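The two complexes that follow have chain A in common; it is paired with chain B in the first and with chain C in the second.
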Partner chain A sequence: MTMRSEALTMTKDGRLSAMKARFFGPTARQKLLAFASLVLLLIFFSFASPVFMQIDNILGILQSTAVNGVLAIACTFVIITGGIDLSVGTLMTFCAVMAGVFLTYWELPMWIGVVAAIATGALSGVVSGTLIAKMKIPPFIATLGMMMLLKGLSLVVSGTRPIYFNNTENFPMISQDSLIGLALPNLPIPNAVLILFALAALASVVLNRTALGRYTFALGSNEEAVRLSGVNVDRWKIAIYGLGGSICGVAGLLIASRLNSAQPALGQGYELEAIAAVVIGGTSLSGGAGTILGTIIGAFIMSVLTNGLRILSVAQEWQTVVTGVIIILAVYADILRRRKV
Partner chain B sequence: MTPLIAIRGLSKSFPGVRALSDVQFELMAGEVHALMGENGAGKSTLMKILAGVYSRDAGEILYDGEPVSFSSPRAAQAAGVGIIHQELQLMNHLTVAQNIFIGREPRRLGVFLDEEKLNRQARDILEHMNLQLNPRAVVGALTVAKQQMVEIAKALSFNSRVLIMDEPTAALNNAEIAELFKMIRELKARGVGIVYISHKMDELKQISDRVTILRDGEYVATVPTQTTSMESIISMMVGRTLTEKPRAENATPLGDVALEVSNLNCGPLVRDISFTLRKGEILGFAGLMGAGRTEVARAVFGADKVRSGEIFVDGAKAAIKSPQQAVARGIGYLSEDRKRYGLATSMDVESNVVMSDLGKFLSLRFFLRKLAIRETVTKFINLLDIRTPSATQEVRLLSGGNQQKIVVAKWLVRDCEILFFDEPTRGIDVGAKNEIYKLLRNLADRGKAIVMISSELPEILRMSDRIVVMCEGRITGELLAKDATQERIMQLATQRETLNAA
Partner chain C sequence: MLNRRQFSAAVGVCAILVMSGAARADDIYIPLISKGFQHQFWQAVKAGAEQAAKEGNAKISFEGPETEAMVDKQIDMLSADLAKHPNAIGFAALDSKAAIPLLKKAQAEHIPVIAFDSGVDSDIPLTTCTTDNLAAAGLAADKMAEMIGDAGEVAVIVHDQTSRTGIDRRDGFLNEMKAKHPNVKIVSVQYGAGDHLKSAEIAKAMIQANPNLKGIFGANEGSAEGAAIGVKESGKKLVLIGYDSGKEQKEAIISGAMAGAITQNPVGIGKCVVESALKALKGEKLPKVIDTGFYWYDKSNITDPKVAAVLYD
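So, the complex of A and B:
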């Protein structure tokens, strides 16, 4: 393997070797591995149960991936910098609660509620980022603190009771209606899925084509070198956590819209599922490498697994066991791949 | 009398570098034998082979007249050859006793640690060494000197008969050095053979019996310390004939003062530093390792917090508190440790080259202008002759010389007028070195002001218009290129403040 990759670098034809690197390089290999696993799972479950490939079930899988997928996108940015964000789950809930405050308590128009949820997320992300960049609190601890703080705030603000969106008739539409279904009545893919894919495309552009994305990778690759290049490392780090937070705001809107209520006790545990999706998708926990596409594949692997095992009547307890095994295998694959290079 | 250690015909190569070639060395019981040579002469490599850290390519090592080959530091230690590295290898959170007996803790019932016995044994060793040290003290809370004593105690607890000390006084003050020397004399009296690696001439006079000099990985001579003058040792160390071309004269006369540093203080290794740098000039910073040259560069660049002093850029006072502000003033710093401080090695050539000035390549101040980036990067790949299959090659896959060029490109993209090159040719093969030299000269001729930090004297002499020499955080002298010789620089580089060179 080493021999071959060395031979690659010696190739005179630069474009050829760059192309090979793109398709067969280590990151690509992990992504292929994740994608192949997803396809294998799909094939396995469709043979194992006739119900699996039915349109309703597929739509269910898509719908159930949306929230975790969006949270995983938020985590992808942070994890590529070499950090971690444990607060995404409870932040999602807090954003949903804040949407409830604006829409139900204060009876403001829906777009204000949407903006408020996303702004709340961004603000919280900026706070996390500031704790990490300026006060030098390790990301794990800073976001663990934020996780608990936000959980408490959700309960305080809502008075520990769910907030229902009774004043905003259109609110459930955000997640549950289907724009695609209007055009193609046979394919009523819910908007939540549309939002997931749109957000993924947007995030991919940000990660690969903007300064923020470039610095996301650079921070994870060698933060000190970035600092010594004269880059304002703190500011970018805060911006990245802020971006992650605002994406959590979107997740908050999705889940609130699906439940037509903000459930203040919900949220804890979501962060671990999101991180699992990111890791299964090949993003390195030590930072510097990762893709949005991989994360989306990772999120689908998790929901297909859950859905398929449920259809096969595997007990809930065992589903959790299997998910755990998959996560460990995914990380081990990541370690193997790095050892080879 | 059979020597304790006899090394003959020892050779060792690392990929691309011949570190040692046919080297000999001898150590008697009860002798302090100093090992001297410039940075990179092969002293540490030789001792690491003796202590089982590296394996040898050729040659033999006799221990008590018997040929030996230690496969690991552990095997060497068990046989009685101990090494105390320049960077101490202690666990700061454990106690003195726990550190001494790490890996061979006495046990009860095979499972439970016997702390009582551990502390008792440690106390015995410390008392045997006449050391006032509590075995239960936490190592991290001790002074560096005391920590060093713990290292020595650890080595002696293996009943070491050979003790190798690599720059043991680097972090000690004078009182502590006196303490260490007392200890060395006691060990000597007990018949322990000590190899002492140091750059400090005055110390060698005080403590060593014989000196062996290495140069460029080759054995030069072994001489008795008392009857040999410092000057002749220095000339043996640097005595290589200059094979490189002499310094080319400046194509253009020097310009205005670009950078003036006055009375800069920052930690123990930047003490009252003042110098000026002109446009089109290459100012060499010479000195031994740990003299504070890198620290000066980092302080000027805003990477470390400055205690006092002023910096003027183009005659105007500049308050530089972060690398960001330094870069805004047109100062660039190329670290000696490229991989740690200069490059994001898992990213591609392109990302690294534009890292210091990404703002120039954005549309709407946010989106990367990929075509513009590619164009600029291609330009610099051609200009600096960076050998890479493409602009999207990961930097870690390139050679050291090409990596260095990428760091240079990074600062040229930013249009820095003042450039600090810290050991620009470290880890680079000879051919690539010449290219880096040419590049530096070119930059100077184009009016850039350059500080070049280097531990290689021929490089300093060849490249510099003017040379500043540092020793222990102070500037000990400034030489014009035409007045500078290796001997003169070495004298200044070893001119210590407190102990006068004998």
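So, the complex of A and C:
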């Protein structure tokens, strides 16, 4: 007990320097770099094509960022602990399928479907966390196993067919409708984007202002030191994976609402895009450093790039090449920054 | 901020973009959003579309998601293409219902939509350029029955159980057997995601489990070529019938490892999409469905110019 409070006081003392680090430290520099790249991309594409900056296209970019952005937030927590979660994509799908089971098969009210999707995510995250913390299975393997398991379960539960949300009239509202559009009819930003930003703000608070957030960083910096100072490392780890899982539940709702269906075969490959967004945003794969804002910028870099190349009608093979180059550059920039420190 | 090395890298990326060329505004522009782009089948559709575009002085682009599961990525593609205000759009929906809001938008902006391959389940497309998969798989069943003496055990390897083509080819084959060849027994139907390796493993397991197996039908390029590998590894001799084309499949047919296959007419599908779009832009009426045809090919007619024209590597 005393040891724990000591650890907490130490963090408090360190808050001033932490503030400094936030604005001038290496993470901030990487964030600036990511932000500058995003601005450069935006400028480049708006000069290259007159349609890029049109409101319809901007709305399209925002909409297409929502799901990857939310998944990337889930990954950010886990990656800061020095772990990895490969199951986020298929977990998202499984949560969507469970929402379908509750809403379409059992015809329950919409809020129950929403709760069910998030609870499914949290539960699955807790399972992953337990595999990693208690059974000592390396995160890569544990979540790889979960990725396949959940992919299979989605197909089993849905009977390999998409589940349509035709009985739940308001379901498309979650993602497709626009609350902002009611006030500003010319700017119908889809709700999915509001949910992304609200979730990002919330996640940022959790990461920077709560014990859970502090332990997320601490586990990634030096897990052994945290353990030696008397903290129940296993419990916090399970909680962090559980949090990541519940965020995947939100992603599941967003994609299901957008497609007005739970597509059971979808999801694999989405984890790598989410991890790419996290890494571009300056979160270190070796753990201990990272920000939600960086991740969101990373997610936007990915979607702006994809959309912009599409608008320019760049051949699809080349689009993939360019995206790969950007990811490598982002990680290289991270390494350069580290060398300087 | 950006140091010199990072800056030069950024310039390099921009250079790639510029070299690969932006869309010119003056031509008629028709983007095609397909269900994939890596498979040879889609490349053949693209080639057909490009051919027709050249003849009609139009410009096309061709895109599709990496896997046929990525419904949301396909919607993003459709959204980006609509933002370019094209003259017409070609679309092969992975999930019709998910695409309806955007198709309605296209309709509101008077952009003609031409569906292709598995089509779009809606009134919005002016026409659909497609293969009658049920009838084509039925022909495969007839050929299979003929080659095994109209009796015995047969197995089917399908690419997936959710897509329209997967369902139609499976059902077309099974129904034809049931209706016309009652002595042929289907002992197993399995799904290999169109993946060569998975389909090969499935074929081997089927042969292991059913020693009297006389034939296997592979319902797409990957399933059929995978089945050929599996049969070869097991060392057994049985009648293998494929679907679609592709270098390996063609070689297997020439070497006799595969008895024959059904081919669609992907080049014709691509041509049909662009030609229909151009007709729609001129205000011509189009039929609801345009059957682009299918052919049976085997060792005897693989070099026949009529057949060779619709085969692709």
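A few notes on this one:
FYI, the second predicted complex is superposed on the first by the 319 of 341 C-alpha atoms of A that agree within 3 Å, B and C clash if a C-alpha of one lies under 4 Å from a C-alpha of the other, contacts with A are read in each partner's own complex, and residues count from 1 in each chain.
Please note the rule applied: a residue touches a chain if its C-beta (ideal position, glycine included) is under 8 Å from a C-beta of that chain, and two chains touch if they have at least 3 such contacts.
Please read all numbers here as calculations on a predicted model, not as lab measurements.
Using the contact criterion defined above for the overlaid structures, shared-chain residue A:288 touches chain B, although it does not reach chain C. In the superposition on chain A, A:136 makes contact with neither chain B nor chain C.
By the touch criterion stated above, A:40 is placed in contact with chain C alone, chain B being left untouched. Comparing chain B with chain C, the partner in contact with more residues of chain A is C. By the touch criterion defined above, A:212 lies against chain B but remains apart from chain C after alignment on the C-alpha atoms of chain A. Once the two complexes are overlaid on the shared chain, A:164 sits against chain C while remaining clear of chain B. Contacts from chain C toward chain A in the complex involve residues 1-3, 6, 9-10, 13-14, 16-18, 20-23, 31, 37, 61-64, 66-72, 75-77, 79-85, 95, 97-98, 101, 160-162. Within the complex formed with chain C, the residues of chain A that make contact are 32-33, 36-37, 40, 44, 48-49, 51, 54, 56-57, 60, 63-64, 67, 160-162, 164, 176, 255, 258-261, 263-269, 306-307, 309-316, 318, 321-322, 325-326, 329, 333, 336. For chain A in complex with chain B, the touching residues are 5, 9-15, 17-18, 21, 209-215, 217-218, 221-222, 224-232, 288-289. Interface residues of chain B facing chain A in the complex, by the touch rule stated above, are 301, 303, 323-324, 326-328, 333, 335, 340-347, 351, 355-356, 358-359, 362, 366-368, 370, 388-394, 397-398, 410, 414.
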